[in-house]
Amino acid sequence: MKNNKRKISAEEKLYVATQWQLMRRKFKKHKLAILGGTTLVIFYILAIFCGFFSPQDIYKQHSGYIYAPPQRIHFFDEEGFHLRPFVYGLERKIDPITFRKIYIEDKTRKLPIYFFVRGDKYKLWNLYSTDIHFFGVKDGPIFLFGADKLGRDLFSRNLHAARISLSIGLVGVAISFILGCIIGGISGYFGGMADMVTQRVIEFLICIPTIPLWMSLSAALPKKWPPTKIYFGIVIILSIVGWCGLARVVRGKLLELREEDFVMAAKICGATSGRIITRHLLPAFLSYLIVNVTLAIPNMILGETSLSFLGLGMRAPAVSWGVLLQDAQNVRTLALHPWLLIPGLCVIITILAFNFLGDGLRDAADPYKL
Amino acid sequence: MDFENKTILNNKNIPLLQVKNLKVYFYLEEGILKAVDDVSFDIGRKKVLGIVGESGCGKSVTAQSILRIVPHPGRTVGGEILLHQNGNLVDLAKLNPSGRDIRAIRGKEITMIFQEPMTSLSPIHTIGNQIMEAVLLHRDMSQSEARELTLEMLYKVGISNPHQRIDEYSYQLSGGLRQRAMIAMALSCNPSLLIADEPTTALDVTVQAQILELMKELQSEFGMSVMYITHNLGVIAEIADDVLVMYLGKAVEYASADEIFHNPLHPYTIGLLKSIPKVGKEARTRLEAIKGTVPLPLDLPRGCGFYQRCREAKKGICNVGDPSLIEVTKGHRVNCFLYK
Amino acid sequence: MIKKNELPLLEVKNLKKYFPVEKGFWRKTVGYVKAVDKVNLYINEGETLGVVGESGCGKTTLGRCILRAIEPTEGSILFRLNGDMIDITKLDRESLRATRRYTQMIFQDPYSSLDSRMTVLDIVGEPLLVNNLATGRKMEERVKDLVNVVGLNVKHLKRYPHAFSGGQRQRIGIARALASNPKFIVADEPVSALDVSVQAQTLNLLQDLQVEFKLTYLFISHDLSVIEHISDRVAVMYVGKIVELAKTEEFFLNPLHPYSEALLSALPKPDPRLRMKRIILSGEVANPVNPPSGCYFHPRCKYAEEICKKEEPEWKEVNPEHFVACHFAKELSLKGVI
Amino acid sequence: MLFYVIRRLLYMIIILFLLSVVAFIIIQLPPGDYVSAYVAEMQSMRGERLAEEEIIALRKIYGVDQPMYVQYSKWLLKLSHGNFGMSLQLQRPVIDLIAERLPLTVMICILATIFTYAVGMPIGIYSAIRQYSIGDYFSTVFGFIGLAVPNFLLALILMFLFYKYFGFSIGGLFSLQYMDASWSVGKFIDMLKHLPIPVIVIGTPGAAALIRTMRGCLLDELRKQYVITARAKGLEERTLLFKYPVRVAINPIISTIGWTLPWLISGGTITSIVLGLPTTGPLLFQALLKQDMELAGSILMILSFLTVIGTFISDILLVLLDPRIRYEKSVV
């Protein structure tokens, strides 16, 4: 009896659940999407507080650590387990046969990792000057992802690169989203000539291969521009193609929803167009938009990375994953220093996470479908 | 064994198909859905059995289980489906659903037409192609003979210009013509049983009348048995010899059409008959509706499935035990405690 | 045309709705679907006018045009409001919105007609809210009354539509239609998506409500037996036109249009003893994009003669309050059902 | 049908015209014009300083002193004669440069398309039929990863792996000894040896996407009524599958061949740059780096035009394949 009652209340809960509650229920069943979402949250937090999380200044050249390999974090040494993780110091040697610089772990130099340590000065969001870092070693630099040809810390550089690469996706999608919503909305709502023209324009833009177009446009950005200007230039270039897909989605969904009986019912009740749009169309719409936006972000990130990789996008001294990957263009260097590919790994993980998340959201977007 | 077969062959009264205690369950995440639960009926030779019931009563699943095409996750978990075929007795329920034996029966001995004439034909193959396929599969015919036969069948089902229609696609045909093409396909191999699953529900009244008339004609011409599934009592009255009324996966009443319409016994059958508006009678008076709605046949409580909605329900009897189908008068079976 | 001394509640004059057919790359208009073509009818207060016809005959479009849910192409719709006849087609946006509360609609599909993102309270309360009839607690009280009237549990106000069965959803739709105290309701196939047993409940409810709230219905259905059960007068539509309009008994006893006769004959009767030879119409409903010449029904009509191919029959009153559009309305003696 | 083809051709001409506008805009985009770029080039490369009068004379010769629309129509007129202008940096006619590299570009594109479909379709069909099997699981994983790894990264990773473990570089399309040699059987065979890597790299993301769409489409089709009709006919499951749902599901996918072309050319461009293939990609890249916009704009236009032709072909193909569309088009 008691069991039965509980079951009824659970059912009642489902009956009075809002769209978003139902969506959350459905989304939670999607394990990969949860994984993707969590990954992205971590990535974005790291990117937002990149100064705090990076142990070293990204421009500081550690001349003794040129092309130093990633250091491993240890919990065990010959004495056994330590709660505080540590790395071994690196010792540079010259390989007697190839005459290349090689680095070996110096087991005698144990560098414990401390949290909230003082280190290089940095400005958080260009506002607060501080020198507290999330982690670091007290004696010298630490290279979790290795160092580049100038001895700069790649872990810190990757975090700072994430800030540009990840945000360019969001800003680019935001612009595409606004453009897409306005143009798609006009096209779907008014129909007729406006619809025809926008449809043809979209078809035309889709015909042009994106990367060559992006390359041509970004090559036209003046070389003298500062990084911030270049950043927005690239965002706009990416959005020129990005809005097409979103506009199509908006239009299609709008046309579909306009025909629904419940919209007609609201109209017959005497509801104003404003109310119909905000109370009926938008809520039904929003979940689809979120899904499509989520799936559009990876394209933007990819676009920026490709352009910067080719040297047509962000340029040093700005760092983005694409800029970092420029160092990996030479196979011979790469073969010797494979950690230069880590930014690539970051890109792959990010895109994968967005795709997982988008997939889960798509399944959850229509909670009323069985 | 031989001896048994001979007696069956000699006995004309043996029905074509006997379904005994059929159980088809769907194993869903939410629980076991008993779509068909202990249903038995016979289909006599050259007879029309009408199965009537509201949505979710299991009438379509019954039909699908005879051809063994119940969709996943449904499974036939019990009962027998005995087909008396040229003196052979086959239990369809025991056959492998994708095996050779059942495939030889599908489309040959037993054929089926469906509710949605729009979607039941492939959009990218011609009508002729789809009909000929069945012919080539089951009859020993050459391509040109099969085409001849298809033309003849199209003509028989009342398609006026078969030579043109045979090479057309389903979307070029109206709903009525599509359903006619489906019938042509179903009859092309001279089946002994035609299962019609709501074949006229999606059609307009005037076209429905055409199709019903056509089916009656063809039934007598081809001498086949028909299992006709519908929720429309008017259609049932028009075409059926025997009627099986289903409710929540169970057979609640099984009798001749005349008995069902003029001497209904089960409260559900009575309720159904009273709740349809009848032309010319008591217009603009209140209908005697059955209260409540059909529950989902999932985790049903004990007792008669109709208990909650029944006017005659007796507490302590109907909600405690499961009634069973009993013969009240000859050939009139009912599944209700009132007639114990 | 008006026979009674009093004015009808609603009068439709020469109503047309043409949908352009757009083809090709530049979406050129190549023709029109005449979904509603020169329709004339009137509805008296408190009566039910049944509109019957086969799929694609334009009955749904007619219902929507009368409410101006879609814009009619031509014609006028006179609606009696506070003793005056106002032309709904001539109202501007604001006054149209103000009159919307007097005319409502019940939809066929109980699933798509309710916004699945709103609770019962919001759905039924929307007409109250947008017409400034009630807000807050007052609205909730009124919604509770309405929900009670249509036979739903008052405790379920906070539930979303997905918690209800088809029949219950249809009741929610009916409650919404009643909320603003309308005078006139277009019921567009309100029972055709429902199971037989639930259909009877819904029909009963609609009849009870009509008495209780003095409603006037335009009842659209493809099912003649439902139409006969609920209507005072019947209008038969064929390819966008009304071909016959009469009192229900008169229509079923003595139809004057061959199409009506065929429809009546095609109706399967729930009695195996009444099996009879039907009038089987050949062919199917004409294509409204490209209708036949003359009388649209002539290719399927067994009484058709030369004139039917050439001339469109006139809409005339053959018997008192019995209108028909057929060249031979007076000559033919057609068979009814009663 | 013929009418449809003619209309599509007309549409293509309009697109081509618009493409030329875009190309022209791109050529004009960088600050300054051809002459100032030339002047700057002369100055920086050879240290020559041109006199003011010379510059004005040059401006007149190249017509850059005229309004935009005049420049555009002149440029368009030249284009219609096959004159795409001169490459500033390479001092050769643009048309020759493109013509040199276009056949290889087209060939790689076609091969990548074939690869995409040859890999994507069977795997997609398999994973739809065996939904939730181990094979389906693997193909889903492959699909996701294939989508997430951008072309240039895949190229980098493959190059890295081959170099590290097999000790040779997989870049380029020809071995050293054939690089400048004229065509011969040996050169052809050598090229065949080099082809697989670029084709795989360019085709993989497309194949991954295709697996997912194919699977989705087929799963939808498998639930449709006509499949049950065919089954009720007594057809064998495999025959049934390939005759009905698979064919229906393939149609929309064939129709998107046209849409995949811009993607392939996109991916091909960047892959060619990384792998150093002698296609139009690196040529475009070099042109852009050197601000040789005449060349860059022309390449972009030619590439876009290739995709337009691809779309056209796939549209025609679809009409031939799908009677539904054929019917609609013939009615129109």
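Every chain is named by a letter (A, B, C and D) in the order it is written, and numbering of its residues begins at 1.
Keep this in mind: a residue touches a chain if its C-beta (ideal position, glycine included) is under 8 Å from a C-beta of that chain, and two chains touch if they have at least 3 such contacts.
Since this is a predicted model, take the numbers as computed values, not measurements.
A.B. asks: Moving only between chains that touch, what is the shortest number of steps from chain A to chain B?
C.D. replies: Graph distance in the chain contact network comes out at 2.
A.B. asks: Contact counts by the stated rule: is the higher one at A-D or A-C?
C.D. replies: More contacting C-beta pairs are found at A-D.
A.B. asks: Can you give the whole-Å distance between the Cα centres of chain A and chain D?
C.D. replies: Here the centre of chain D sits 27 Å away from the centre of chain A.
A.B. asks: Measuring centre to centre with CA averages, how many angstrom lie between chain B and chain D?
C.D. replies: 55
A.B. asks: What whole-Å value do you get for the distance between chain B and chain C if each is reduced to the mean of its CA atoms?
C.D. replies: From the centre of chain B to the centre of chain C is 34 Å.
A.B. asks: Using the touch definition from the top, which residues of chain B touch two or more other chains?
C.D. replies: Nothing qualifies.
A.B. asks: Going by the touch rule set out above, which residues of chain A reach two or more other chains?
C.D. replies: none
A.B. asks: Provide the list of chain D residues touching at least two other chains, using ranges where the numbers run on.
C.D. replies: Answer for chain D, listing residues that touch two or more other chains: there are none.
A.B. asks: For chain A, which residues are in contact with chain C within the complex?
C.D. replies: Touching chain C from chain A are residues 12, 14-19, 192, 196, 260-262, 264-272, 275, 279-280, 283-284, 368.
A.B. asks: Quick check on the complex: what are the chain B residues that touch chain D?
C.D. replies: Interface residues on chain B, with respect to chain D: 67, 69, 71, 98, 103-108, 111-112, 114, 116, 119-126, 130, 133-134, 137-138, 169, 171-172, 182, 185.
A.B. asks: For chain A, which residues are in contact with chain D within the complex?
C.D. replies: Residues of chain A touching chain D: 204, 206-213, 215-217, 219-220, 222, 298, 302, 305-306, 309-312, 325, 328-329, 331-332, 334-335, 338, 341, 344, 347-348, 351-352, 355-356.
A.B. asks: Along chain C, where are the residues that touch chain B in the complex?
C.D. replies: 54-55, 165, 167-168, 195-201, 203-204, 207, 222-226, 228-230, 232, 248-249, 252, 262-275, 278, 280-282, 284-285, 337-338
A.B. asks: Report the residues of chain B in contact with chain C in the complex, numbered from low to high.
C.D. replies: 54-55, 174-177, 204-210, 212-213, 231-238, 240, 257-258, 261-262, 271-280, 283-284, 286-291, 293-294, 309
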